[in-house]
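In what comes next, chain A is part of two complexes: it sits with chain B in the first one and with chain C in the second one.
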Partner chain A sequence: MGYVSARGGLDAIRAAEKLVRTKRLVSDSNWLEEEQILDKLRLLVDRVMGEAGLWEPQLASKAIRQSEGDATEAVHLLRAYRSTLPRLTYSEATDVDDAQVMRRIVPAFQRVPGNQLLGRSVDYTARFLERTADADAREEAEKLRGAERGIVEEKSPPAEEISPRRLIDLLRDMDMLIDRRRTDDPEPFDITRTPARPPAPRSALLSSMSRADTGALVNQWYRNILGPDGYLHEVTLGEVRHATLPLNVRHPVSGDVVTVSHIRVSEVEAIEDLEGIDEDRTRFDVGYGLCFGHNERKAIAMANLDIACHRDAGKTQLEQSLLLTTDALDSAGFLEHLKLPHYVTFRSMIERKLAVRKMRSNEASAHDGA
Partner chain B sequence: MRLSTLTSKESTLVFRALLTAFAFPGRVSQLPRELVARMPALCLPMLALTDIETTMCAPDQPELQAEIATITGARTVASREAQFVMHDAMPTDETTLNLHRGTTYQPELGCRLVVAWNVPTVPAVPPLPDSTQLRLSGPGVVSGTTLTVNSASAAFLAARSVANSRPPMGIDCWLVSATGEVIGLPRTTHIAAMSFAGSVPGKN
Partner chain C sequence: MALSDLIDHRESTELLDEFAKREIRRATLAAVAIPGYQVPFGSREMPVARGWGSGGLQITLAVVHDDDTVKVIDQGDDDGVNAVNLRRLVTSSTGADESSIASEATLTQSRHRIPEDGLDETSILVLQVPVPEPLRGVERDMRELARMHGEADYSRMWLSLYEDKVRNGVITQTTGYPCLVNGRYVVATTPIPRWDIPRLHDAPFLTLFGAGREKRIYAIPPYTMVEPLTFEDVPFEVENSDGACCALCGKSESFLVSLPNSTTWLCSDTDWCARQRPAT
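For the complex of A and B:
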């Protein structure tokens, strides 16, 4: 975590905290229920959980309310809470093919096994700010509620739509993919225990990006594509999924694997066109992104940066930049600590400048005297 | 079994009490009373802070050590290797000096020591025969904070000072009473004798 400590002026600090708390709790508007945050601000809840590295929608909504909608502050609250939790057990590895998709699009291919499933998305919606009167919106909501009640599920969707086959499987069948799958099964790097520093294993990079600040990751991707890095590369998205994954643990008594919960994830596979001199130009390569909740922007940036990092192979500072500068708490914590008292360091800077000035003045005097 | 798993909320309450104790060394904080009523207060820090990734040791309480290990999943190791050590009585000099102090690069690996504390926090008037008043100083210590200890405690605190003599390495300590009062003594807190009714071995 970044810098968070404050010292001195305890009464003033307490008064500032009281002001925040009072203004947050005392107002003429209705009390903001957690349920409303979960329901109406679901994408913010997902983002906060992803950047905090803790899947707990109720607590994330509490954090959002406490932080008055400041996503980074909410992440801070949630991650600080997370750091106090004991580790009870380790989950079993989950195959992402066990996920049940709620949305799945394949921009690279029109007709794919399992079909395109647009699901809940504003990708194709004109961005008109709705200025509907509240009464009209409520009326519309009632109508939609009534219409939803009338929908009767005739049958469960077929298995190939719930867990559709992936585009990369198709590409493998066509021998169009570089095969980088490992046969060993190394322990994943735990970024919550050890800070990842380059050169780091891929699991460290993926974990770091999965927990990174969404905006920072998008910025890194954009810089990588169009910015001063000049690393222009051609990426097409293979899979973009929003799906539910089971969380499995081994039962401490029976030893059986049991599902104790489910989490939602966004998952992306990015198909990279290889055109380097030392690369196999007859095939594609794949970057992978997965993060908590519905946050496609982040998962897409992550998948693109995963493959970019692999191709970069340490030639630039991309890996270092991803590992060291994209964490919301690190960057915001360092930035915000600048607001804390720096009286001693600044006084020291002034004294150094005065000393330099005095030395130059003495030198000038000596020179004039000579 | 006397102990039970803490809920995440209970764990957080214990954590907050321990954090407050470290934030204001020498000042008495209170562990959650409803938990103290259910199980030995000395064990609460261990139940709240240890888990499957930590190591612990309670050398003079083997039964409680086994219970804590079962509940939290913490691995039991020798006290010199443990990240968390619990003592029902003041540890000997040898034990204290052998606790893990971390390294220069990883001072956070220094041991967290939880010790039973049965000395009254308010000095008796007139002073008890075997008592010494100590003055605390360092980050977070409110000016004028003192600690009244008996000779056994004074010996332990002297050994603690030696263990903390090469910062940033050192050990962090909580003194916990049976009723859940807790005093934090992080490694940054210096302890000096004010008066000697008994003897305080070592220097601070």
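For the complex of A and C:
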């Protein structure tokens, strides 16, 4: 018959699973410790937790190890695991002003209350690839361990810098800001339980972006700078922060609010220069971005897109684009499904092409005959 | 204490927590109550990627019982890699049995085919849906799509079919042919071939459509009117194979797929095909 297709599927799947698992677990290099991933690949751990929408560094490091460094695959492992667990409680709202700041940049003014705090950042580090031999690097590491005890033991910044006043408070004092603060306190939209569709509350937009694929959000931002849509102009950043926030829940027995953990977040406030015909030309407006871990790129894109979406006010499909096209698992999963067999649909397509041809040739012969 | 210390590290076979199953059942009941209406639900992440049957899998896991028998096919084939993968997830996480014979199965999960025979009033058919929105080809804006469905304003869909016919001589829509369900909602018929469309009309079985990525569930209850959108003087056409028959079973009354650049045809429903052949 000569008919060969992807049959005998179960054997093939098991063999592929075995190949992946064996090659991952058995190799000549040392076992990759969770601690090493948490420590040496901390930014990847942060990114994966952010895109998974799940703060759990140890599980994230396990996922990164199992996915062999594929961030989207790691996100998938974490979210699929969470699907098996019941949701036991909701956290209490946390005031971001309770954050302990590790890094804080305010590009809008030269001198600001609470100081600039460059912190642990490669922003101004010359990007030279370090080609030091491993042995030399280890030797240097040992020297540093002794010589730079202060850094190694990571002293907190001085107390007055821990929770600096925000630039937007200053701008409010100057009456330079449109005040869009709400007096009611609506429940935030839960994107994990209700699919967000436009028009959606701002909390749906913010949580969608907070959980979005970092690359997708950066692309959305840049597409709106240089792409065909062009809704957006560059904002001035009022705050760029990397900070620690307490995670509070209400105790199930006592009813007291207790801090059960801490999370790290990147937080950005983007000051927008309003220049639309219908906009208040005497004041600024603010966009907000916040995501898990140290991921400033994502938080900046988010803050800029938040204010862009507010100004767009439903005129274009920017909101739909942000709500529906930025999730790592939605886009990657659908893209990769193209690898599945498609021969039923393809057969139907060929049949219609032949039907069009047949119709055209019938018409042609009818014309010739006339 | 770290959060991970609170987690039960024993291997659980459950793919969905009970709250999620309840939520999916509620959405499914709403879908059955309003035939063809796309019910939003809080789609969970599954061990399979979105676009790989995650919506169908969630429905199956939410409605399957230990005493059910499941059949899982992809393109009509029980042995396709994705069918095998989904079937083992269903059977290993529940107590359900498996069968390739549609009449033995109480629940059939399928990607892109309706089994040739065997579905009756005791059957549930779960179809995996990549794109649940039938109007996306004529409108991209979801706000406008919501209005069009809400007001049953399908004029642009009709117009696109008319233009197709005028430009090409035939309606070139291939699979997933748009159908009006119960005289009210236009649905995307997954991409099942047009061959299967007449078999949805007044069918004795319940069909549930699960779109995991787009977070929508919709349904065609038993004995519901399903009309492919076409004009009075343009008959709806199923795939034509010019009298070809299957090289394995010799039958011509099933949906056939062809081999590339060849006159060899095969049944897409592999189990049906096997049952047509004389025992050896």
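Assume the second predicted complex is superposed on the first by the 336 of 370 C-alpha atoms of A that agree within 3 Å, B and C clash if a C-alpha of one lies under 4 Å from a C-alpha of the other, contacts with A are read in each partner's own complex, and residues count from 1 in each chain.
To be clear about the criterion, a residue touches a chain if its C-beta (ideal position, glycine included) is under 8 Å from a C-beta of that chain, and two chains touch if they have at least 3 such contacts.
Just so it is clear, the structure is predicted and the values come from calculations on it, not from any experiment.
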{"item": "Combined model on chain A where chain B meets chain C, clash or fit", "value": "clash"}
{"item": "Which superposed partner A:Lys40 touches (first chain B, second chain C, both, neither)", "value": "neither"}
{"item": "Partner chain in contact with A:Ser348 - chain B first, chain C second, else both or neither", "value": "second"}
{"item": "Touching partner for A:Thr89 - first (chain B), second (chain C), both, neither", "value": "first"}
{"item": "Between chain B and chain C, more extensive residue contact with chain A", "value": "C"}
{"item": "Which superposed partner A:Arg193 touches (first chain B, second chain C, both, neither)", "value": "both"}
{"item": "Which superposed partner A:Phe334 touches (first chain B, second chain C, both, neither)", "value": "second"}
{"item": "Which superposed partner A:Arg281 touches (first chain B, second chain C, both, neither)", "value": "neither"}
{"item": "Candidates 6-14, 150-158 or 186-194 of chain C: the single one with C-alpha clashes against chain B", "value": "6-14"}
{"item": "Common ground on chain A, meaning residues reached by chain C in one complex and by chain B in the other", "value": "84-87, 193"}
{"item": "Contact footprint of chain A on chain C as seen in their complex", "value": "2-4, 7, 12, 14-20, 23, 40-47, 49-52, 54, 74-77, 79-85, 88, 111-113, 130, 140-143, 146, 168-170, 172-176, 191-194, 213-216, 237, 239-241, 247-248, 255-259, 264, 266, 268"}
{"item": "Contacting residues of chain A [partner chain C, same complex]", "value": "1-3, 5-10, 12-13, 56, 58-59, 76, 79-80, 82-87, 190, 192-195, 197-199, 261, 314, 317, 320, 324, 329-330, 332-337, 340-345, 347-352, 355-356, 359-360, 363"}
{"item": "In the complex, chain A residues that touch chain B", "value": "81, 84-90, 193"}
{"item": "Footprint of chain A on chain B - complex, ascending", "value": "8, 11-12, 15, 48-53, 72-73"}
